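Note that subunit A is present in both complexes that follow, paired respectively with subunit B and with subunit C.
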Partner chain A sequence: MIEARNLSYTYESENNFKTSAVENISFSVNNGEILGILGKTGSGKSTLVQMLNGLLKPLSGEIILNGKNITTDFKNKYEVFSKIGLVFQYPEHQLFESTVFDDIAFGLKNQGLEKPEIHSRVIKIANMLGLNENLLSRSPLSLSGGEKRRCAIAGVMALKPDVLILDEPTAGMDLIGKNFLLKCLLDYHSQEKRSIILISHSVEEIIEVSSKILVLDKGKSVYYGSPGGLFKKDIKYLESLGLNPAQITQVMSLVKAEGYDIPESVLTVNQAQKEILKLLEKDGATA
Partner chain B sequence: MIKNISIGKYIEGNSKMHQLDARTKIILWLVFTLLAFLTHSFISLSLILISCVFMMKLSDISALKFLKSNSLIIILSLFTTLLNLVFEAEAKLITSGKFYITSKTMKVSFIIFIKFISLILTTSAVMFTTSANEISYVVEKTFMPLSCIGINSRDIALTITITLRFIPTVLEEAKKIVNAQLSRGARFKNKNIFKTFKACLSVFIPLLVSSFSRAECLATALEARCYSGEAHTSFKEFKFKKKDFIALLLALLLILGVIGCNLWIKI
Partner chain C sequence: MEKIIEFKNVDYAVEEQKNKKHFILKNITLEIKKGELVCVIGLNGCGKSTFAKLLSGLISPTSGLINICGLNTQNPDHSYQIRKKVGIIFQNPDNQIIASTIEEEIAFGLENLCIPREKMKARIKSSLCAVGMEGFEKKLTSTLSGGQKQRLNIASVLAMQPEIIVLDEPTSMLDSVSRKNILDLLLKIKSIHKTTIVLVTHFMEEAVLSNKVLFIEDRKVNFLGNPYELFSDEVFLKTPSLTPMQSSQILSFIKSLGYKVSMKALKTKDCANEIIKILENHKK
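Here is the complex of A and B:
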């Protein structure tokens, strides 16, 4: 479990001009939970995650991982890096080994694991992320965009971090690639039962997978709670945060406006399907 | 360390140095550098150093900024000075174990240190106040005569502009990759030298790959916008003003002063 308490961070520019990137943010993610972090570009998402694994030192506030403060209670920052795995934006830009296998195994080798252990972990993770065996001996640079991305993510997942943080993992991907990656992520989540923090500016993506949502605006936390609660808020307000409700939520709110009996916020297509079937059944009964 | 490199770091401003024509500034820079290299006399070097500090003052950029962006070179030159001070065979002034200091080594080290500092100050003062566009303009004009032997000065200028433009970008990218590799398990401080080397490779290779792909994109983009290296007009006109003549006159005075010092005063 990871917990952030009153985190703040300020950037200092060339002429000592201070801009506050993150202000007083608190949240907690239990084991097996997925926290989605939403926000416009420049809302402080990336600064926040770099603080979470100790790359940036928060100006004030603390980060507690399983009861230990990450800035004071660990031997060195490398130990923190291995417990809190961070996947950066466009992680495929860091691939460098000669084969996909070696690239995924890079971190494991650095941890000094035994060869058979490394082998089994790499194979398992590669399978989970849909990288089949004959890809493993190829150069990572020869893979397709989506495969590269999954290869880079696999390198961090193989370390089995207590918390996995992904900074816009689906940026620049097409719909099929996106959905496949999210499916892989959910597979990983259901098998490993560890905490995941997912950052995105796509509402649909976050709603689909997260159990909790944190919304940032100009470095401040403006919403923290269940996905359902967020869309009970005024739509104009949400749009000002750069959050457009999922298409299905918009459609269903139009249906509701027509006078049909539908709950406040419908978030996923599955939920919408159920509600519409319910309506149709009711109609059938009255007719 | 990475973010404190001064090359290609133009700082917006409207100081006296900013207002000078880029050509004047490059000439000043050449004069200062050559003088600092060529003279060894203490008094003329002090003269140069004072002029450098004057130039820094005119640029309206804080001394702290100069120190910060050159911290690495300053440490390096201090180190060289120290080496010079300790390892030189001469009559011993101060002895401590194997090491000793002589009057000559002291003088030589001090002179070298002043040379370094003068070079650093002028280079930063010119770099901070001259934008990449202006530098490329100067290069273009300077190499113009080469066109008669088939070398296109516009190409050289463009290459330099692009190089300067991309230094901060590549540094930024390097920082990002270092962070990313750290979080996926790279160990840059390792007792095993092979592993440290491997960790460094994990930064160099992605950096090279991205630089090449960026270069390719850039080349395509240039072609797509019909770049052919032909002469073109400039939005900003470059004209010598009164200020430029004053600056050049001062530079000339400095040259004469240094020559005079070398001829008549022997310190």
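Here is the complex of A and C:
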């Protein structure tokens, strides 16, 4: 389990220009939990997760991993890196080997695994993420945007870190790829009982997979709690946080405004189908 | 309307192994008219970015012909002209940013077009304003968040006032509110300047606002035409490589129950009205 206590971070540039990117954020993710992080662009999400895996040193606050304070105990930096895996917002930033295979295998080699073990793990994870085997011998630079992203995710997931952090992993993925990845994450999560932290702009996606949600606005935490609770808030307020509800939610709230008996926020198409069926069945049989 | 982009039997292939050609796009023939907003959709790896690069003259077809504003992209004498006419925003916002401050970044493109210094300031200001980054001139590009970088790239291209703007997934890292703002901005530019816009996207709610969608599948153009036609077509709705809009999903569900439904009510308001109409008729 990972716990963040009062984390803050301020960027300082040459001309002493200071940007406070993260202010006093606390949360915890138990083993087997998925924390979803939402917030406008520039709200501090990437900064926050870079502190978690030791890439940025917090200005103040603490990070506790499995009971150990990893902010003060920097001796084990490599240990931290291997236990907390971060997939960057820009997949290019972590692709530097000459073939896709070597890229995915990079971390595994560092862990000193045997060649056949590395080979089978790479093939397995590549398959799981829908990366065609004939891509593996190509240069990562020749991949399409979505393929690059899968490659970066594969490299981190192969390591099976205690805490897996993904910074906007579904950006630029097609629907099939997105659903695939989310399913992979859920499978991984139920098999391995690890903690996952997922950043996304897709409210539907976060709701679907997260046990808890953290919403950032201008570096501050403005919501920390259950997915359902967030949607009890006013739509205008959610919009001000950059969180437009999904189209189906908007459609159903317009229908509700006409006086139909529909719950406050209908979040998925499935749920909408059920609600409409109920309304149609109310007055006798369907057409 | 005059055609501004023309592809004739265009192939693009790479050599995967020695003497083994791998086709990324095959036999593409199409026309795009001046002032249209065309959305390019399709699965990861289907060739959208390749199409965008061909269209901007950054890569040349391995066979066939591409004309932009009547200029053949393969003729090196045309490359300066084409660069002036076509502004492209790449998929990865980092690849595009070179300068250290935002002002310099936008000025860089303008210098290439020989825009006089006095005029630059105003253009920089108005293009930053257009993307909601007014007052960011002196900020360092290295300090921007992912979404801010995407907006900066759009501002740089806007400042150059090109005839065609090609955007490769420009909003993939934006929150949904900023994403809507960018789309509104593109629609505004289109209507004011009659700019032709080619937008690669995975968001169908963006595609439905376009004049035409170009759906690439299996290396070929599977569909080029009105988005309503595509998204209300039962066959296309069942194609796994097409992401249906939530509105069309719910409408097709209601239709499957035996109700008469207009599958063209794809926009949020239209869809809600269609559902309300059905519920009301049902009450009677």
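Heads up, the rule we're going with is that the second predicted complex is superposed on the first by the 251 of 287 C-alpha atoms of A that agree within 3 Å, B and C clash if a C-alpha of one lies under 4 Å from a C-alpha of the other, contacts with A are read in each partner's own complex, and residues count from 1 in each chain.
In this section, contacts are C-beta pairs under 8 Å (C-beta built on N, C-alpha and C of every residue); 3 or more make two chains touch, one makes a residue touch a chain.
Keep in mind that what you see is a predicted model, and the values were worked out from it rather than measured.
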Could you tell me if A:Tyr11 is touching subunit B, subunit C, both of them or neither one (first, second, both, neither)?
-> second
Compare subunit B and subunit C by how many residues of subunit A each one touches, and report the one with more.
-> C
After superposition on the shared chain, which partner residues are touched by A:Gly61: those of subunit B (first), subunit C (second), both, or neither?
-> neither
Which of subunit B and subunit C A:Ile248 touches, first, second, both or neither | second
Using the touch definition from the top, say if A:Thr41 reaches subunit B (first), subunit C (second), both or neither.
-> second
A:Leu86 contacts which: subunit B (first), subunit C (second), both, neither?
-> first
A:Gly228 contacts which: subunit B (first), subunit C (second), both, neither?
-> neither
What is the contact status of A:Gly32 with respect to subunit B (first) and subunit C (second): first, second, both, or neither?
-> neither
So which positions on subunit A get touched by both subunit B and subunit C?
-> 14
How about subunit C: which of its residues touch subunit A in the complex?
-> 14, 42-45, 49, 91-92, 94-95, 140, 143-148, 150, 168-169, 172-180, 202, 205, 240-241, 243, 245-247, 249-250, 253-254, 257-259, 268-269, 271-273, 275-276, 279, 282-283
Given the complex, residues on subunit B that touch subunit A span 11, 65, 176-177, 179-187, 195, 199, 201-202, 205-206, 209-210
Under the touch definition given earlier, write down the residues of subunit A that touch subunit C in their complex.
-> 11, 13-14, 19, 39-42, 46, 89-90, 92, 142, 144-147, 168, 171-177, 201-203, 239, 242-244, 246-248, 250-252, 254-255, 258, 260, 269, 272-273, 276-277, 279-280, 283, 286-287
In the complex, subunit A residues that touch subunit B | 14, 50, 53, 55, 77-78, 81-82, 84-88, 91, 93-96, 106-108, 110-111, 141, 155-156, 159
